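Would you mind keeping the following structure in view while I ask a few things?
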Amino acid sequence: METKVILDTLWVVFAALLVFLMNMGFAALESGMCRSKSTVNIMSKNFIVFAVSTLGFFMLGWGLMYGDGNAFIGTKGLFFVSGADNSPNIGDTYEGVYSAISWAGVPLWVKFFFQLVFCGTAATIVSGAVAERVKYISFIVFSFFLTLLVYPITGHWIWGGGWLSQLGFMDFAGGTAVHSLGGWAALSGIMIIGPRIGKYTKSGKINAIPGHSVALATIGALILWFGWFGFNPGSTMAADPEAIGHILVVTNMAGIMGILFATATAWIKLGKPDISMSINGLLAGLVAITPGCAFVSVPSSLIIGALGGVLVVFASLFYDKMKLDDPVGATAVHLANGVFGTLAVGLFAQKGINGNEVNGLFFGGGLHQFGIQAIGIISVGVFAFILTSFLWLAIKYTIGLRVSIKEELNGLDIGEHGNEAYPEFIARKINYTHLLEDINLVEEERSKQQVKVCY
Amino acid sequence: MKQIKAIIRPEKLSDVRSALEELDCYKGITMTEVLGQGNQKGIVRSWRGEKYEIDLIPKVCIELVVRDEDVNRIKDTIIKNAQTGEVGDGKIFVINIDEVIRIRTGEEGLSAL
Amino acid sequence: MKQIKAIIRPEKLSDVRSALEELDCYKGITMTEVLGQGNQKGIVRSWRGEKYEIDLIPKVCIELVVRDEDVNRIKDTIIKNAQTGEVGDGKIFVINIDEVIRIRTGEEGLSAL
Amino acid sequence: METKVILDTLWVVFAALLVFLMNMGFAALESGMCRSKSTVNIMSKNFIVFAVSTLGFFMLGWGLMYGDGNAFIGTKGLFFVSGADNSPNIGDTYEGVYSAISWAGVPLWVKFFFQLVFCGTAATIVSGAVAERVKYISFIVFSFFLTLLVYPITGHWIWGGGWLSQLGFMDFAGGTAVHSLGGWAALSGIMIIGPRIGKYTKSGKINAIPGHSVALATIGALILWFGWFGFNPGSTMAADPEAIGHILVVTNMAGIMGILFATATAWIKLGKPDISMSINGLLAGLVAITPGCAFVSVPSSLIIGALGGVLVVFASLFYDKMKLDDPVGATAVHLANGVFGTLAVGLFAQKGINGNEVNGLFFGGGLHQFGIQAIGIISVGVFAFILTSFLWLAIKYTIGLRVSIKEELNGLDIGEHGNEAYPEFIARKINYTHLLEDINLVEEERSKQQVKVCY
Amino acid sequence: MKQIKAIIRPEKLSDVRSALEELDCYKGITMTEVLGQGNQKGIVRSWRGEKYEIDLIPKVCIELVVRDEDVNRIKDTIIKNAQTGEVGDGKIFVINIDEVIRIRTGEEGLSAL
Amino acid sequence: METKVILDTLWVVFAALLVFLMNMGFAALESGMCRSKSTVNIMSKNFIVFAVSTLGFFMLGWGLMYGDGNAFIGTKGLFFVSGADNSPNIGDTYEGVYSAISWAGVPLWVKFFFQLVFCGTAATIVSGAVAERVKYISFIVFSFFLTLLVYPITGHWIWGGGWLSQLGFMDFAGGTAVHSLGGWAALSGIMIIGPRIGKYTKSGKINAIPGHSVALATIGALILWFGWFGFNPGSTMAADPEAIGHILVVTNMAGIMGILFATATAWIKLGKPDISMSINGLLAGLVAITPGCAFVSVPSSLIIGALGGVLVVFASLFYDKMKLDDPVGATAVHLANGVFGTLAVGLFAQKGINGNEVNGLFFGGGLHQFGIQAIGIISVGVFAFILTSFLWLAIKYTIGLRVSIKEELNGLDIGEHGNEAYPEFIARKINYTHLLEDINLVEEERSKQQVKVCY
């Protein structure tokens, strides 16, 4: 047994560190996809978000999520991961208050770190969506409560022995627990904070705001791809060769189909193979396969990835049409595909794959599992959307959510941080905005002063 | 012919340009990113604990070469659309041009505009 | 003395410069990256599914201050080497210069060129 | 035994992921070494190439390479990795159609993924060589067939139980199977596609076209270095401590000697320690040691690396003299040093190192092994060069190989992708080309129209 | 009014600007990054084994529009602070300005400076 | 036992490679924090430094450090790691001349590689401190002797069985052996080489010289964070699940508290949450926890990290006040926090954590251990400072230490390397220096010629 603990620990630590590296991937991707005047701000957000998440998840999040308790929240060993626990003992030999995760035969701190990097990912997803206008301190506060409260509660339902897991909800690596949760938090955020100045005009025009560095964005995407090989196969939390091999390949297949189909969709629909869509396609495929990666076959993963790749293009266009400004496409990637992927489990799951005992609709399992998946998606969605909306609004009416128009025009880097990302390079403003045409100024009419100082 | 050279705020370029494009005397424009200093104050930044001030502020310089009789309309259009009333709105300079040639055709004078 | 200011295509700069360097009246040049708009159409780009047009096209602005009698030779050399015949070849403007000083020596006038 | 499977799987997965990360290394290196107007294109190529390679290698490549068959190609279990296979059983207990790789005691999908990342590397090598002028779709098509057909066939000869492996050809981690193969495909490519506009003038002048970001290029090189520690030591496909340690050190030694000697050579010959040469020196040393890393001693690795470092400088100058325009030096690195390193096995191999049973020329083994190595190099070279030439030509005369002159002048980013890599930064064209002096325009005289629209 | 346009070394900008700011006739400045070529030699660089020369050297162009009577003081201040005595110190050009307008207020003429 | 060797080897190799990747982290961080005109030079230094370190540590360093010998240096198996050794045997079964490290049950080359990456880190630290003015060749020579001689000798004292280890000096992962040693070498370097032109004026003004790319710097910091998870947990050199889990979490806790407290300190004291301080805060926390990560509890790590985060801000300001120009804050991070962290072991160490047998001051152990820690810090500091000062001075008076003023003004990239990092982007000089006000020109009065050609 001792050897097994070591093997599992090596695997889980390795996987956790790959997921940790996704912090760098998101930082590069998100800043590359935004303007140079916000680079310091985005980098700062992505840099501090893991610090804040660690604090939130350590202080209370872990306990709420994995502490023994009721169907809705953990109630034991709540604070500072300090409950009784004799990990790496498992099964009957386990004695402690974190029994929902006692199946994993690794030391407690290893479990904690592995779960922490997942929690951090959910918080990072939000960062990109509200970028270029959210106040730094407000994002910090939001992330703290997200990781302290929101993520752990729905996490408890799904992975912590809560009601959804009892119901048989299947979410192997976090399509709902991590991605769509982060996506809902992002969605409520962009609805409440509003679009960037210059994005939508009163006359209904949608302005493209191109990212300032495709190099940075692509590097970020490649790092995320790399990290996902920890995210999905690592969720075994055990060094199981067959499962690891299977999930590795399934994950990659979905990712590449996401790339190929998003690229092709953009090429056909928009006329050129826009790289921003290829990147979003990769992530869409990876998100879509996340909940089901251990339960579906390789051919199914090709289909799921391909559908994810198509979906992300249309979702992006849809959000834009709804005037929901999401600079990096976080909602199109994580929300739309987190939902789709979770549903896909109910369609494509196959008995026997990695010991899975459920068949999806397409494999003769009927609509049963699909229904459960839908219940999970909706309940997590409603809960998360309401709670995060409340959080965003509470922040808005206390410390404020959005920087001033003047600061937004000059860039958050100078206003919020007193730094410039590239002080030596001469930049031009690509998106010369017709200021008085901008939809943001409608609501500003009340506060004329603000318009006054906006230049 | 005259060259109208205006230093304006970058945020105002779109408004100015779309207004200019509606004038029939508008023929073309050349624009340069510049840094300027006048009455407007600079912004303080910091790095590793030390502050520094960049008192040169990014501006856009637009140049239009126009017929003498169009100078006023162009000038007025720029003023109207670039003005915010805050310090730092910029300046317009008018300079005499001796000759204009269109490289593509070799045309000279007014028809080269 | 005159300042010859030409807006040309970036790709043509090498050809223009090497032709100018063969003239004995060539003394020096100052060049700026600019963006221009005239008859030439811009290029459409896209980002995350939305198209946008950059109708300001990158051009190079070259400025040479020369003696009055050399203006024509310089002009002709530029036209000859910058011309492609396609829309967007650019313009040459000639402006009168009152004074020239070489900073290194303080020399003024023609010898300062 | 079970434990050994787990250990080997952990090691192989870890190594495979390091090699996977080389995708990011190549993306950064290649785009950094080219102009900013091609950055989106290069990033897109390097991003999609692994997707295409996965498809090619999955659909047929794996079967051709590792399927049981004859000396030239695999014929069993050809499509979709769907042949019978009871991995991780090995040796006598193995039952299946991929017996050439049945020595590796890991699950089939792990084998597949490990081999896939190698296949992907070969395809990526080509990307840099034909950069800044190849059409995006044409590169995609080429990569597909390279990984579906060419790489697997020669791979079968070398690693799949084919005639070269029967002959005793030694290529531990792919100096010939991966690097020189990619190099030959690159060479035929740059010969057929021709140099970039502005690179060579009719009067014989060679114009330097500096890369747009040394930062990006160096980061890429450091990631590649990191990835190589998966590439070489991972090729054990087994968690063998002695072998891993030895190969790790030998690989690093060759790499650092490559850096030091390339830097010194450039310093002496060209007057300055040009970083582009230091980077190419690293890669040269790493490629040179790749085929022999398990068979040569540490002192030998120092020599091999040093020779690789010198070779790459002269090879770079040679290709330029031959008017073969290779923007990133892919041929000088992967072809020249892949060939050299494979030959070096015949010179430096030593009995007893990691169970090796062959001595090279310098250790009393005579010319025997050297001869076999030469046969392998030549046969793979001739085959790959002809087949890939045919592929490039077929593409040229169907969908076309090269973008229009106008598009090349404006940059492929706008023409092919409708994106700009750095839309906010003001860039100048460094390499103002004397258009009418350019050698490309000679062949264009036939098609005057094209010249007309070129500005 | 006159426009004083000086091409100077980037390293000298700080010295020149702080000297100018001490003059009471100093009102504002606009600056552009340019590349210049004259008597000064370029620097050879290399890439992947091939050398290339960038004979266009980075310079800074400063433009000040001033009253006619202030031209000499400004000129002298620039010369004094931009001079190193080495080739490449740059040039000063003086150009006549017909009109000046302050966009913020619409003021014209001397009061607009 | 065999399985244990494999497990330990996998872990050590994995950890070593994470530390290796810190080369990329430092390269990105340091170049991002300096000006664009020095980017090629910094990248070159960080690229070649691992090559030089490998050579130095291989030729003699390893032998001096781990060879059996006296309390001050190793004397057996000195050159080329060629002493007798039967690793991975341990304990009584070990026969060889590197007994100080015979406790680690992995093959010799694995030990060597693991120690090498630590040695390389020490050398890299110096690189950032002397950046933007040191001659390339001089830095190479210094690094060679640092890794050949200085690092190994103090390393022998601490880890090689020398007098400090006999005394009971505790430095688990190298707070003194690596970080403060690198810091001392950096400090003597910046004292002898002097500040960059434009940094300090005769009238006492301190000019900020902002880094040219916050994106690059932040990416570098995130990679370093990732690498540290190899640095600290890997120093177990054994796959010990409990220890790995503990050290992982403790390391992360210190890092995040470093971020949070440095950010807050900067926000309060300087008015804005300057990202350069957040980054330095992370590194400060990580350095501070390095020596004690295996000996302190999680709560203690929170405190140590927080103190490190505050310390680094004040240390940065202090160095600037002393006119010690350290462009990237290497001394504030590695020296100040290496010293603080090593002392902190004497305060926070707790019996029982990972088998530790010593209590620090705060846990009832009295001042005993604190005293030993102080002795270690002082002796290593004095020795390293003197020896490296001597080295820098020897270089100064032979091949010269600093580039000419003219070269410094134009940037080292062109002068030293003949390259430009970003030849296509139009850059402005942010820090227009009042040349005649600069303190550097005082000492130049002697050599008027140099002033003459300086423009």
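For reference, chains read A, B, C, D, E and F in written order, and residue numbers begin at 1 within each chain.
Heads up, the rule we're going with is that contacts are C-beta pairs under 8 Å (C-beta built on N, C-alpha and C of every residue); 3 or more make two chains touch, one makes a residue touch a chain.
Predicted model, so just to flag it, every value in this text is computed and none were measured.
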item: Common touching chains of chain E and chain A; value: B, C, D, F
item: Common touching chains of chain D and chain A; value: C, F
item: Magnitude of the superposing rotation for chain A and chain F (Cα, nearest 5°); value: 120
item: Interface sides of chain C and chain E: same vs different residues, half threshold; value: different
item: Geometric centre distance via CA averages, chain F-chain D, whole Å; value: 35
item: Rounded Å distance between chain C and chain F, as computed from the means of their C-alpha atoms; value: 51
item: Euclidean distance of C-alpha centroids - chain B vs chain E, Å; value: 18
item: Multi-partner residues of chain F (each touching 2 or more other chains); value: 3, 7, 10, 14, 210, 213, 270-272, 274, 276, 418-420, 422-423, 425-426, 428-430
item: Residue numbers of chain B (touch at least two other chains); value: 17, 32-33, 35, 45-47, 51, 54, 84, 86, 95-96
item: Chains that touch, pairwise; value: A-B, A-C, A-D, A-F, B-C, B-E, B-F, C-D, C-E, D-E, D-F, E-F
item: Sites on chain B touched by chain A in the complex; value: 9-15, 17-18, 33, 43-47, 51, 54, 84, 86
item: Of all residues in chain A, those that touch chain B in their complex; value: 409-410, 414, 418-420, 423, 426, 428-429, 432-436, 453, 455
item: Complex contact set, residues of chain A against chain D; value: 3, 7, 10-11, 14, 18, 35-36, 210, 212-215, 218-219, 221-223, 225-226, 229, 233, 239-242, 244-246, 248-249, 252-253, 255-257, 259-260, 263, 270-276, 278-279, 282, 422, 425-430
item: In the complex with chain B, residue positions of chain E that touch it; value: 3, 17, 27-32, 65, 95-104, 106, 112
item: Of chain E, residues touching chain C in the complex; value: 2, 6-8, 32-39, 56, 59, 61, 75, 78-79, 82-96
